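Mind having a look at this structure? Questions to follow.
Going by the order they are written in, the chains are A, B, C and D; count residues from 1 in each one.
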């Protein structure tokens, strides 16, 4: 196999992983924000 | 200054009565040395391998005893008593000097044994002894600080080696290299890089430890 | 240190362990010639407060100030003025009583303390066993030896956590006489749950109560 | 992070892939067809050093202020650091197998990243060994800073003692490899975009722990009031 494609595939796998991680963190943040808004704590979010 | 001396004396007195750390360190050194000697057998190792073996024995033996000084204070609940009467920096330095003495004693035993058993030929004792002397400061300085850290943790034994190894690795690397040069050449200048690195490391780690010790020691 | 007027001031002490609030805004002031008692249920932070006052622990917020004739004493020098007896302070078990005493006295920069030590040892009925290792002592004797170690330098501020623990009737009486003596012209801080001990105090600080 | 930034980042990353594989020529002498790896391996390795420094910074901040939020930041910085250190080690050793013939050679860079991994590992084993929260934070911060002061030795001492197999095109300018303009452009933009991407990730995690902390404080205060 051509080493160029190996590099590209490895790289894309890593990036996909990172974006999945980002996406999950983003979802968690949204959930937390919602929870905080329900408790009326928004003034603490400086 | 006086406090450092008093703490040092107190630890010597205590050690003299229990002989815990010194026994642990010496036995460990002798056991590893004989294990290494057995497994190598009649095969004559190169100076490179011997220098590395020497430092590995030295490192792991000191790991078995250097942490004791703080763990003892913590386990017998005397840490607060000591804290009440002493400044943090004098505690660190007192313990540091105790560990330094412990290391010197270890080397007094280990070096002749190693040279005799492993057939390690030192060409330049000047380089060799200087390496040991300067290296001790780094080993004792870093070891004492990590000992203080782990004495506050719940699992102590294995953690000490895990935490010290990356911190003390510069000493190990330069020490091995300088020891190899001591067996290969007579000129002091050849080991200049390593000795400078050891010296700088010793100074930096001791200064950093004095500055950081306050945070470990005070709740 | 004759006629010294010591003051111990606690200013709005707050202590958190992680996010757990132990002490909320404790403030008080004591000066030479009076006693203060800290009381509260178990786990309410009595010991924590004593440790903070003795500089063994840093408060999360607020500060502890020691003043000598209205001169603020440096944090680093406080140890020369205070003595503390408590169940969490142990002596060096392998060393003899004399060695322990010597160590603590010298750490506090004392020179001629042998007469004082002899007097205290007699008072606490420990004479004759100075050279035995502390680990051979019974717990009551160790408690008495702790008092000796805390009193060699005639501390301007004496902290006692649980004054009665491990002591027999005779021991308690000796301790009481010492505490009475202390509050005459110096500062006494006791931490206790015992109602009788509270009668010693001029001021009572209650911790852990809403 | 705003929409615009996201678009810039995505197109930038796409352009880097195109640039690395199509636009920039191969380095003919040493790297040959492995030139491509260089554009992605180096940024990852650089990132784990960066996170190590960030962790030291937040550890210092924690010791200064005793605010547990900084400890949480130092912790996530170290978490990401260990993740990228593992990535860099794995990709690097595959590369090493192809070019130098073995997975591990104890070349200075490999040694350094190995030490970095050891430090990260020690950091987390220390954290797991201390139960009380603020004590754990303090000890971990002290250890971070202690490890931080030994870094110069790995940077200056190790390379003097062991010789390097790594190509040194950026740091060592009179060196063996000469990079063309196009290669430089791709390399540096890749470095920048990777850094931005990872810092973004770090920022998101920071927001997450901050929100968690606010919630937790709120709940604990409520419990105390009851």
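One rule holds in what follows: a residue touches a chain if its C-beta (ideal position, glycine included) is under 8 Å from a C-beta of that chain, and two chains touch if they have at least 3 such contacts.
Bear in mind the structure is a predicted one, so any value in this text is a computation, not a measurement.
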Practice task
Look at the interfaces B-D and C-D and say which one is made up of more C-beta pairs in contact.
Solution key: B-D
Practice task
By CA centroids, point me to the most central chain in this structure.
Solution key: B
Fill in the blank from the handout: Rounded to the nearest Å, the gap between Cα centres of chain B and chain D is 31
Handout entry: Chain centre separation (chain A, chain B; CA means) in Å
Key = 45
Completion exercise
Taking each chain's centre as the mean of its CA atoms, chain C sits from chain D at a distance in Å of 50
Exercise for the section: Could you put a whole-Å number on the gap between the CA centroids of chain A and chain D? Expected result: 17
Completion exercise
chain A touches at least 2 other chains through residues none
Exercise for the section: For chain B, jot down the residues that touch at least 2 other chains. Expected result: 219
Exercise for the section: Could you tell me which residues belong to chain D and also touch two or more other chains? Expected result: none
Fill in the blank from the handout: Which chains touch? The pairs are A-D, B-C, B-D, C-D
Practice task
Would you tell me which residues of chain D are touching chain B in their complex?
Solution key: 63, 115, 118-119, 121-122, 125-126, 129-131, 135, 138-139, 141-143, 145-147, 149-150, 152-154, 156-158, 160-161
Handout entry: Residue ranges of chain D in contact with chain A within the complex
Key = 13, 17, 21, 33-34, 36-37, 40, 44, 87, 91, 94, 98, 197-198, 200-201, 204-205, 207-208, 211-212, 214-215, 218
Exercise for the section: Spell out the part of chain C that touches chain B in their complex, as residue ranges. Expected result: 51, 54-58, 76, 79, 82, 84, 88-95, 99, 103-104, 106-109, 133
Handout entry: Touch list for chain D against partner chain C, complex
Key = 66, 68, 132-134, 216-217, 220-221, 224
Completion exercise
In the complex, the residues of chain B that touch chain D are 142, 145-146, 149-150, 152-155, 159, 162-163, 165-167, 169-170, 173-174, 177, 193-194, 197, 200-201, 204-205, 208-209, 212, 215-216, 219
